[in-house]
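Read from first to last, the chains carry the letters A, B, C and D; within each, the first residue is number 1.
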Amino acid sequence: MSTRKDFIRQSAILGASSLLLPGNTFSIEQSAMQNSLKESRWADGSRLVISISMQFEAGGEPETGFDSPFPANMEKGFTDIPAKTWFQYGYKQGIPRLLDLWDKHRIKVTSHMIGEAVKHSPELAREIVKRGHEAAAHGLNWTPQYNLSYEQEKKFISDGVAIIKEVTGETPKGYNCNWLRRSKNTLAILQELGFTYHIDDLSRDEPFLIPVNGKNLGVVPYTLRCNDIQLLEGRYFSSQQFGEQLRLEFDQLYAEGAKYRRQMSISTHDRISGTPAQVRVLDEFLAYAAKQPGVKFMRKDEIARLALQDKTTVIDQDYR
Amino acid sequence: MSTRKDFIRQSAILGASSLLLPGNTFSIEQSAMQNSLKESRWADGSRLVISISMQFEAGGEPETGFDSPFPANMEKGFTDIPAKTWFQYGYKQGIPRLLDLWDKHRIKVTSHMIGEAVKHSPELAREIVKRGHEAAAHGLNWTPQYNLSYEQEKKFISDGVAIIKEVTGETPKGYNCNWLRRSKNTLAILQELGFTYHIDDLSRDEPFLIPVNGKNLGVVPYTLRCNDIQLLEGRYFSSQQFGEQLRLEFDQLYAEGAKYRRQMSISTHDRISGTPAQVRVLDEFLAYAAKQPGVKFMRKDEIARLALQDKTTVIDQDYR
Amino acid sequence: MSTRKDFIRQSAILGASSLLLPGNTFSIEQSAMQNSLKESRWADGSRLVISISMQFEAGGEPETGFDSPFPANMEKGFTDIPAKTWFQYGYKQGIPRLLDLWDKHRIKVTSHMIGEAVKHSPELAREIVKRGHEAAAHGLNWTPQYNLSYEQEKKFISDGVAIIKEVTGETPKGYNCNWLRRSKNTLAILQELGFTYHIDDLSRDEPFLIPVNGKNLGVVPYTLRCNDIQLLEGRYFSSQQFGEQLRLEFDQLYAEGAKYRRQMSISTHDRISGTPAQVRVLDEFLAYAAKQPGVKFMRKDEIARLALQDKTTVIDQDYR
Amino acid sequence: MSTRKDFIRQSAILGASSLLLPGNTFSIEQSAMQNSLKESRWADGSRLVISISMQFEAGGEPETGFDSPFPANMEKGFTDIPAKTWFQYGYKQGIPRLLDLWDKHRIKVTSHMIGEAVKHSPELAREIVKRGHEAAAHGLNWTPQYNLSYEQEKKFISDGVAIIKEVTGETPKGYNCNWLRRSKNTLAILQELGFTYHIDDLSRDEPFLIPVNGKNLGVVPYTLRCNDIQLLEGRYFSSQQFGEQLRLEFDQLYAEGAKYRRQMSISTHDRISGTPAQVRVLDEFLAYAAKQPGVKFMRKDEIARLALQDKTTVIDQDYR
């Protein structure tokens, strides 16, 4: 909420007579509306593209102050040891179990890797890549970057990339910030460093392009709606509810796929969706989705490539 | 809770002997009880009237301090960029998708429009009206008004109305305050400005009238019970639960419709119910409801008109 | 949690050698264990007794600081008007709708009445009694009483009783404190004032007796498990979940009823369970429960009477 | 989250060039990865082992500051009496009901006993042991121990053990800390005192061993995922959701049991799972699970014994 004082100042400035002068805002939204109503298709003929993210974060969590499923009532100066074992589950059971699930359904996912987590469990990072999944970048460690200076942020991103490259041999093409929170410099830095897309956007159900430093950068939208950390840890959904949510989202997006280019995004975190109950509902969902004609599971780098090559992809000229 | 001190003062004043003197309170509630037990019907013969609100707010949110689905742990002085993209979803995907849903079921809804949101996405506002939905007012911007002076509040309401009129050509007849919170002057201002009804009331399952400045103003009750922002964002209901809630409310109100004038109120916000999972459960609900004989979907201005013309509508003489 | 210092002091006092001296605690719990394992029956031959409470509170809420379903972010000094209309729903729609539900299933319930609420809606209070329901006491107004002096508390209870008597002609036999929180004097005051039972206890699934001032007082246990304010407002259960909870509780208690005296307690608040969705699931539950042989719905004063007359009722000698 | 300052210091120290020096971390995680992918079996031929914990805590809660299902708005200096009766339910109804459930399904569970709770209800403790369940230790009283000195903690553990021994005649072999939170000394103390295992670990779905003071100690992993206090009191799951969660976890672990040694862990607290609705869903789950071939219910001391004797059990060399 803006404060009352702000509000009054605003309404004083914006007299009714001056409100509707033509301007940039209007033209932006006109194109937004047109985009929403215009029919569109995937260049490869897919009816619905599903993209799964597998967050590889455990082992990269900070020593203190991390999110944890335990009550926040410990005295300062002590380590919350059982919470540490909760994170360990992510790389000891979670990712191995998820890898088996993706193999079972023959799908390839995008793994957003925190540099420190890769450094901590290099063999696991290599296994992910070996099985055909995408190694995308997710920062050097488990901290925000929206509050860094340009140089600090560039180093933060590059250092994470360097670890992924050295351990897995892959060069990340996509980027995901901690809790999606980028700074005003992030997009320019990503363009400089050779990334082809970022995912920290919830505004559309399809990929789009944004001009950054005179060249288009892909946006492959992420999700809070089918996101295990948001639903299970943030909103206390049960796994049953998570599965129902996937099904409802899918059914609607699949129906819309007849007229519009539609992407379904699903997020799975190592320690949260690598559990038996989550893998069970994901297994059921994947079997259900795969049965519908025209459904395609894609890595996010493939989606970005398709979007960048397709002349009909929406370009958001005024993205900030 | 009143404090202990208040309580003691009260109980000292209210001796048992003086409690039951006849007075206004008693007569009010006698009529309330009588109203509740008296049979009543819709003037147009409907068995149950369902009214859907579509809140058009995204694009009108303040720059900081807005509600957001992200953790509230950002450092001051930075913009929560992904939260902004969550709002953008409201006008880029949400309202266009909802408009298609209403068309599919051939129903007309009431869109409560924040002035700044209309200014930000004028084409979308016009599209809403073009498709036959009601343009109702929802304030100049996304701020409370209960704490404004009479003059400030009158300007706040009028400025929002002016934008809607200029962009859509329609003159709003109904009003909805931010979180339903009106001031002691709101009703008089609405009467002065020519509104025919307000919705910020949860007290009944049917429309009623209140005398304001010597003339009746319609009250078309709103809802927290079938309200997406309350259930999904406030209480973390799943979309599945939202759908179940609609169904339970409908079944009971429809049954009661045989004896009483019953209105079901549903609230949908652009960025919350414009999502695939929500549209899916709304779609299922609308198909289910439309199959029952005597169910009618109405804009709130129609409901207000019916209520104002009907001599049997409840008049709440002591409404404050 | 006790603080670390307390803990150390305790463990210093309680050496292992002195721990097991015979004492009161042991004998209490031995009888508790024996009671739990001993077969028992209802004196009237019922297999399961269900007791519903209908809280009549709306209209008795304080002017400020009351619980409300709205965000707690209002500026001080303003009334939360829509929250007031949420309470009004309790007496305008809620209780009338619940009364029709009880009639439909031919059951009588216990209405815990706040004195101020009765004063505010006397006709409704009389209607409750006229339809055969029990008028029980619930304090003068909507405030805690655990923090009152003996004399203050006695007056608080008596003043509430006086209103109920004057309005309905009935003398309450049972008592319920605000959020079940009694003071150390409450039981003695209730005994003095002629009450036969209180409900502010969650320790058993059957009624029991406690000696107070040399005479037994009945305890008819209340519930948080099938309590709408706890589940819907406190834990954000959906009505669907509320219905499932009732069913699960019933099925188990009914099964146990073959061997043990079992009471199921359900709590319904005017503004919370008087809504369509809640009445719908209650309606379904009541139809289901009534079909099982040996199920009996009773007012709490009847339960207390049965318990006080039955020589096999558990007497809790060391209740404090 | 680490603070920004910490982060910058870290990233300054860890230049990309120095990140990948070979070291302990790498070798640890390589073995973790290998363990996860290696097939394994239970020595006794079971396909899936299920271990249920029954927390015996009620009666051992501190006088103030305990967790409670009531609103946290009491004035200081008063006892929350109804909350006390909520705990009493644990030993008056909860454990007796759970004991009958275990008997019905002929399964033996592990009861983690707080010393003070045993002292308060000795007959109940003896009944648990008499029915064949394991008496495991859970501290002297209901307080954290992570913040105690070595000597204090040793006494805290020993004093709890002494009560259990004196009351039940059994010597606990397993240990569980308050909210799983151990100190850096706990494991050494347990080894000294002759315990064979601890449960305060969430990192794996199978038992494993850790070298402590030159000798292996068993780790029989506990759960937050099928834990009633976490799900019902911490996340407000309904009992229905608790049952669904058990079923989903079981189905996946049972499927994996064909290739891997899998343990399912369930936690039940006296006052939370000793209620009718919880016992109902547990009853249904137990009947369902028992029907699958190769499912075995075991006490945790048996699991620890199997793990310690089995040469193929994972040994976590670098456990801290």
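The rule is short, and it goes like this: a contact is a pair of C-beta atoms (placed from the backbone, for glycine too) under 8 Å apart; a residue touches a chain by one contact, two chains touch by 3 or more.
According to UniProt, the chain labels map to these proteins: A, B, C, D = Polysaccharide deacetylase.
Small disclaimer: the values here were computed from a predicted structure and weren't measured.
Could you say what rotation angle superposes chain C on its sequence twin chain D, using C-alpha positions and rounding to the nearest 5°?
The best-fit rotation has an angle of 90 degrees.
Report same or different for the chain A and chain D interface, where same means the shared residue numbers exceed half of all residue numbers found there.
Counting which numbers both chains contribute, under half are shared, so the two copies meet through different residues.
Taking each chain's centre as the mean of its CA atoms, how far is chain B from chain C in angstrom?
The answer is 34 Å.
Would you mind pulling out the distance in Å between where the CA atoms of chain A average out and where those of chain C do?
Going by mean C-alpha positions, chain A sits 48 Å from chain C.
What residues in chain B touch two or more of the other chains?
If we look for residues of chain B contacting two or more partner chains, we find 1, 144, 147, 236, 241.
Under the stated contact criterion, what part of chain A meets chain B in this complex?
Going through chain A, the ones touching chain B are 1-4, 6-8, 10-11, 14-16, 19-20, 25-26, 29-30, 32-37, 144, 146-147, 179-183, 200-205, 224-225, 230, 234-237, 241, 244-245, 248-253, 256.
Mind listing the chain C positions that touch chain B in their complex?
59, 62-66, 69-71, 74-75, 78, 80-82, 85-86, 88-89, 91-93, 96-97, 119-124, 127, 140-144, 147-148, 152, 155-156, 158-159, 162-163, 166-167, 236, 238-241, 275-277, 279-281, 283
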